[in-house]
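What follows is a set of structures for review.
Shared between the two complexes below is chain A, which has chain B as its partner in the first and chain C in the second.
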Partner chain A sequence: MIEPNSDALPAASPNSLWTDAFRRLKKDKVGMISLIVIVIYVLVAILCGLDLIFQNYSVADDARSYLAPNAINWFGTDFLGRDVLARAAHGTYTSMLVGLLGPGLSVIIGVVLGALAGYFGGRTDALVVWFYTTVDTIPYILLISAFAFVLGPGLQTLCIVFGLTGWVGLCRLVRAEFLKHKEKEYVQSARALGAGHMRRIFRHILPNVLHIVLIQFSLAFVSVIKAEVILSYLGLGVEAGTPSWGVMISDAKLELSRGVWWGLLTATLFMFFLVLALNLFTSALRDALDPKLKGK
Partner chain B sequence: MLGYILRRLIYMIPTLFGITLLTFLLFNVAGGDPAAQLAGLHATPQQIEDIRVELGLNQPLYKQYFDYVGQIVRFDFGRSWATKQTIGQMILGRSLEDSPILASLSLTLPVFLLNILLSIIIALVLTQVRGSFLDQSTMVSCLAAMSISSLAYILFLQYYLGYKLALFPISGWDPSFFGRWEYLILPILIFVILSLGGKILFYRTIFLDEIYQDYVRTARSKGLGTKSVLFKHILRNALIPIITLEVLSMPFLILGSILVESFFAVPGLGGLLVLAINNADFPVIKAMTFIGAVLYMIFQLISDLLYVVVDPKVRLY
Partner chain C sequence: MADNIIEIKDLKVDFHTDDGVVHAVKGISFDIPRGKTVGLVGESGSGKSVTSLTAMKLVPNPPGEISGGQILFEGKDLVKASEAEMRKIRGNKISMIFQEPMTSLNPVFTVGDQIAETLMLHQDLSKDEAIEKAIELLDQVGIPNPSTRVKSYPHEMSGGQRQRVMIAMAIACEPDVLIADEPTTALDVTIQKQILDLLADLQKKYGMSVLFITHDLAVIADIADEVVVMYRGDIVEKGSVSDVFNKPQHPYTKGLLACRPSLDKNPERLPTVSDFMTVDGKEISYDISALLKEKTTRPIADDHDVLLEIKNVKKHFPLKKNFFGKVQNWVKAVDDVSFKVRRGRTLGLVGESGCGKTTLGRTILRLIEPTAGEIIYDGKDLVGMNRQEMREMRKKMQIIFQDPYASLNPRMTIGSAIMEPMIIHNIGANKADRLQKAGDLIEKCGLPREMLNRYPHEFSGGQRQRICIARALAVEPEFIICDESVSALDVSVQAQILNLLLDLQEEFGLTYIFISHDLAVVKFFADELAVMNSGQVVEMADALSIYQAPKEDYTKKLLSAIPKGIPKDLLVTQLQ
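Take a look at the complex of A and B:
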C-alpha cells in the first residue's frame, strides 16, 4: 500500500497515506470551503446543543402565530409563534446528532462484521453474508419505515433505526478489503512476529481500509439527513416539540396553502447548504484518498 | 442457463428464511402486543384476551413463527386490521383499473423511461464537452439539485404549478386508464425533476470511465465518427453498470413512491404503505416489507441474467 516516495515525506512514516491525502485536500479549494461550511454547522449544533444561542427556540406566543419575516423574527414565526430561524438552528443539532450517531453505529456494526467475515472466512463469512444479504434484500425505505414504526418515534430510536439499517454497504466493502489484505506480506509478517487475530485485524489491517470507512460514513451522513425528512412526514421522526428540519418541511404541507412559505424555505436552505457541503467534501475526500493520485 | 437459474432459486431459500425471521422478530417480538391497541380505549381485559386468541398471540413464539411461514408459503398474508380486507386483495385490487400495482406503474414507468432517456442524452453530451464551463456548471447544478429534500420539491412544485399557476390539477384520481393521465402529468414531472440530478452524475461517471479506454482510441483512429463511437462502442460497453442500476431499481416501480403517491392521491402501493403506517396496520406493513424483498431478489436474478446477454465475456457457472 505505502510505497517509498522520494520527493515527499519520510517514506517510513506510518501515516504517509493520510498526510499525503490531507496535503492534497488542502489544495482543493472547493473541498476546503465545504469543510469550513461543515465546521460552521458543527459549531452551530454544539452551541445550540448547549443552549448558548437561539435560546428562544421553544418560546411560544399565540399572538405571534405565523408572522411573516420581520425585524424581530428575520425568518418569521411558526403556528405557535416560535421563531423559525431559532428552530432551524436547533434543527441543526438534531440533524447532526442523528447524522453522527446513526452512521456511527452502522460503521461499528459494518466494520466489525465485515472484518470478521473477510478475515476468518468459512462459516463466519457464510453467516455474515447471509445476514447482510437478508437485510439488503428489503428495500431501504421499507426497512427504515418498518424499524421506525416498530420502535416508535423519537430521537434515540431514529439513531438506532439508521444504525441498524445502514451498515450493509460498508460491511460488504470491508469484507472484500479484508479478503484481499489478509494474504498480504505485512499481515504474514505480523503473524510471524506473534500478533494474534485481533491484533492483526484491528491494528494491522483496519488502518489500511479506514479511507473506505470515512467515505462511506460521509455518504451515510447525507442519506440519513434526507431520510429523516421522509420519516418525519410519515410521523415516524422525532418527538413532538423537538426542533427538526424534517418536521419543519413536512409541516409546510398545511402551511403553504395559507401562504406561509418561510418555514419550508428556512429549513430547506439550512439542509441544502449542509448536504451540498457534505456532497462536495465527500468527492474531494475521495479524490484526496485515491491511491492512484498518490504523490501528485 | 436453466441449471444456473435453478441453482439461484435454491440459493434464495436461506435469504427468504432470513426475511421471514427478520420481519417476524421485528413485528411480532420487538413490536410488542398490539391487542390492547386494537381493542381500543374502553376495552375490558376479556375483550383484549379475545383479540389475543383471535390473532394467535397467546401461542408460544415458535408456533406463531411457523404459522407465519405457513401463511407465506400459501401466499396468504392475512387481513388488514384497518379495513378487514385480505391483504392479497388490497395489493392486487378488485379489477385492473382498481389495481394499486398498475396505479403505481402508471406513475413510475413514465418517470423511469423519461429519466433514462434524458440522463443518458445529457450525460453523453457532457462527456463531449468535458471540462468546459457547460460541463462544470451542469455538474454543480446536479449536486445542488440533489441537496434539496425531495419533500421540499414536491411541496413547492405542487403549490406553485398546481395551486398558484393552476396549470395542473393539484391532486386527484380517475380510475379509468385514459382519465388518470390528467392527474398524473404533474406528479410525473416532479418525480423526474427530483431524481434527474443523481442519474446524470451517475451516467457521466460511467461514460467517462469508458471514454479513456483503448478500444475508443482504436475506433477513433480507424476513422469512425463521434456518433458511431458514442452509440455503437461506448454505450454498448457501459451497458453493464446501466443494467445493474436500472434493473435493481425496478422493484421500486412496482412498490411506487411513498411521498409522490400520498401527495397526489395516486392509489398505488406507496400510498397504501403510508395509510398502513398511519393506521398502525401491522399485517399490511409486514406483507409489504416481505413482498418488497421478494421483488428485489427476483430483479437481482434478472439483472444477473441480463449480464450474459449484453456481455459475452460473462459466463454463468
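Take a look at the complex of A and C:
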C-alpha cells in the first residue's frame, strides 16, 4: 500500500465506514453484478408502476388463451390470453414494493425497539419485551388476516401488515446484541469521552450489529414474497387482477395438470434471479462493512 | 534411551495468507531434555506459540504448513505422524495448558466431567473411576474440597482455580511432556506465583519435561533449566538459565532482561529493547549510565495542590433479593475509600483481581454510580452533577482501559476514533483542523500520521494502546485513570508504553491514577501508592516507603509475588 503524503491525506470523515464500504464493494465483482441486477429490477418495477413498459399486461384476448411460448408471446399467455412476460414484469412492481417496504418497515421497528430495549434495559426493556412477546403469541396468519380485513386487501395493506408483524425476530436479535455490546470497553470508553446515548447507540453499537440486520432483511424479503403468495391465495393479498408472482404461482397448481408450465416458470425465474441477487448483494455488503475483511 | 525427549530440528512453519507467505518459524532447532524445563521466550508474533502448536500438530492447515524440518518425539518424527497417531499422543504423552483459563474450559460441563473425559479417552477407565481420579487430581493441584468442587462448573471458579483445573486435565494421563503456553499471563502476579510453584512441584513429582512459553523472562528464571529466546521466527539465543541471565549475548535478550521494572531499581525511564538493537536485530551501542539514570523522587508536601479527593466512597452491588425485591445481601466492591490525588502526580492503586480497584476507578469517573460518598474534583463534587455538567467534566477526566483490543470500535478508523471526542466537545475549528490535531496526537504517541485511515485490527496490542492514549488526549484532559493499561501487553511493549505515559505527564502536566495488580510496575510508575484489598485501602504511602517498609501483611504478600528471577542486574553488572 502506497502511503499518500500528509497533505493529500484522505479525510477520515465520520462517515468513513460507509465510504470505505462502498469503495470495497466496488472491487467486489459478484457484489457489483448483483447490485446491477437489483437496479434493473428496480427500474423495471418503476417503469411498470408508471405503466411505461409492458402496457399490454391486462389486454385479454380469449382467442389467445394458454398459448405456449411463441414469437409474439415469448413466455406464452395465460388463460385470459394475457402476455405472461408482461404479467411477470408487472409482478415485479408488486413484489418489490411489498418485499422492500414491508421488511423495510419491520427493520426500522425491530432495530429501534431492540436497540432501545437492549441499551437502556430496565423498564424500557421490560416494556419492549412484553410488547413483542404479546405480538408473538398471536398466530401469525391470524394477525395478518385481521390487519387485512380491517384495512381491506391491497398493496399498501400488505406492506403495512408485513411491516407491523415481521419485526419480532429481528428485535429480539438486536436487543441481545445490544445487551452484549453495551458492556464492551469501546462503548464504555466512548461514554468516558462524553458521548451521549444516541451517539453510543447509532455511531458505535449499531455499525457492529448491522450484519445481523442485513441478513435478516434479505431473509425477510424472500419470506415476504412467499407470504404474499399464501395471502393472495386466501384472498387477503393483492386485489384480483393485480399482476403478482404470488398469484401466478398459485394459479399454476391447476394449470400444471393441463401441461401449462410457462406461467410457473416465468414467475419462478423472475423471483429466482431477484432473490439470488439480493442474497449475494447483502452478503457482499456485509463483507464490505467489515473492515477486517479489507483486501479480500 | 536418548537424553532428549523432544528434538526439534530445523523446523519451518509457513502461513499462506492473502498477502503472500508468512514465514512464522524460520528453521529453528532446540531440544527438550527429559525431566527438565525449557523456557521459550519471545514477544507476540515471534513464533513461539506456533512452535508449540506445531509440536502437537495443532496448527490449522491451511493456512499453516510445516514446510521443513523434524520434530522427534522419543525418536519418532511427529511431522510425518498421521492424525490417528497424533490423537493417541495428544493429551496422553504430550499435553498442553493454554493462556486463557476463562475460555479453555467448556462452560456447560462440570470440571470433573472434563477431567474425566481425558482419562476415559486415553486410559480406559470407567466413568466412576475417572471421577475418582479427577478428585485426586484436583486435590493435587491444590483445589480445596475437591470432592465437592468436582461438580462445579467453570464459571463458579476463579481464574487461578480454572488454570489449576486446566493443569489437572493436562497431567491427568501423566504425560511425558507438558507444554505450557503463557499459562500465567492472564493472571495476577500473586496467582502467577502460586501456579508457577505448582508447576514446579508437579514437574518434580512426575519427572515431566516442560516447555514453558512466555513473553516475560523473569517468570521462567525460577522454574526453567534452559532458555530459548525467539525473535521474529528465529532463535537468537539459547543456553542454560544462568548463562542466558548472567551473560546474555544477543542484544534482544539484553533488552528483554532490562525492560522489566524491578523492585530494587528506580530508573527515570525503563530501558526498552530498542535501546539495545534495531528492529532488524543489529546491536546498537548504548549508554549504560543513561539507561540507569535514577528517578529524582518528587517529594509530596502535605499542602501540595489536591486535584481529586474522594471521601468515604462506597459502591455496593446487590447480590440477593428477597421475594419483595428488597436486597438481602450486598457485594461491597468499594467499601469506604478515601484518598487524595495531587496535581501533576501519580497515585498507584494496587491489589489483586476482585479487590475493587477497577470498580473504584470507574466510580470516580461516574461510569458507575457510587452508592455513597463524595468525589471532589478541583473543588466540585461530581456526585449529583447532571448529565450536562458531567459531560463538561468528561473533558477533563479520561480513562485508558486494560484491553486495547476491546476498547476501540472495530468499525471506526482510528482517525475517526481520535476525532470523535473533539467533535463531542467542540474542539478544533473544522474537520481539517481536527484531522491536523489527530495527526499531531498520533505522532506524539509514536505512530505515523498516515495510519489515521486504518482500522484497529491492523495494529498490534501496543500500537492500539498508543491509539487509546492519543484518543484520551484528544480532549486535552488534565487527569487520566490508567486501568491496568499495560497488563495485557508484552513486557517489552509495556516498558515503551510506561515511558510514553511518563513523557506525556511531563509534557502536559497530567495527573494519573494508575491501577495495576503488579506492584513492581506501580512502584516504578507512581509517586504515591494505595494498596487495596476487599474493597478497602489497607495501606497508603509514597511508593518508595511501601517497598522499603511495608506495614501490612497483604502488602508483603504482593511484594513477595513479584518474580525476582533475574539473578543479577544486567546493567549494574556491566557497569562494574
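Everything that follows uses one rule, which is that the second predicted complex is superposed on the first by the 205 of 296 C-alpha atoms of A that agree within 3 Å, B and C clash if a C-alpha of one lies under 4 Å from a C-alpha of the other, contacts with A are read in each partner's own complex, and residues count from 1 in each chain.
The rule we apply is simple: a residue touches a chain if its C-beta (ideal position, glycine included) is under 8 Å from a C-beta of that chain, and two chains touch if they have at least 3 such contacts.
Keep in mind it's a predicted model, so treat the numbers as computed, not measured.
**Q** Touch check for A:V229: first (chain B), second (chain C), both, or neither?
**A** first
**Q** Examine A:I72 and indicate which partner it touches, taking first as chain B and second as chain C; both and neither are also allowed.
**A** In the superposition, A:I72 contacts neither chain B nor chain C.
**Q** May I ask you to decide whether A:T268 touches chain B, chain C, both, or neither, giving the answer as first, second, both or neither?
**A** A:T268 contacts chain B only, not chain C.
**Q** Of the two partner chains, chain B (first) and chain C (second), which one does A:L50 touch, if any: first, second, both, or neither?
**A** neither
**Q** If you stack the two complexes on chain A, which partner ends up touching A:S145: first (chain B), second (chain C), both, or neither?
**A** In the superposed model, A:S145 contacts chain B only, not chain C.
**Q** Which of the two partners, first being chain B and second being chain C, lies in contact with A:A63: first, second, both, or neither?
**A** neither
**Q** Quick one: is A:L276 in contact with chain B, with chain C, with both, or with neither? Answer first, second, both or neither.
**A** So A:L276 only meets chain B here.
**Q** Flag every residue of chain C that touches chain A in the complex, lowest number first.
**A** Those residues of chain C that touch chain A are 18-19, 362, 365, 367, 387, 391, 394-395, 397-399, 401-403, 406-416, 419-421, 423-425, 431-432, 435, 438-439, 448-450, 452-453, 455, 457, 468, 471-472, 474-475.
**Q** Contact residues on chain A for chain C in the complex?
**A** So the residues of chain A touching chain C come out as 3-4, 6, 9-14, 16-17, 20, 184-186, 188-196, 199, 203-204, 207-208, 289-292, 294-296.
**Q** Which residues of chain A touch chain B in their complex?
**A** Chain A residues touching chain B: 130-131, 133-135, 137-139, 141-143, 145-147, 149-151, 226, 229-230, 233-236, 245, 249-250, 252-253, 256-257, 264, 267-268, 271-273, 275-276, 279-280.
**Q** Mind pulling up the chain B residues that touch chain A in the complex?
**A** Going by the criterion above, the answer is residues 14-15, 18-19, 21-23, 26-27, 30-31, 143-144, 146-152, 155-156, 159, 163, 251-252, 255, 258-259, 263, 273-274, 277-278, 280, 285-286, 288-289, 292-293, 296-297.
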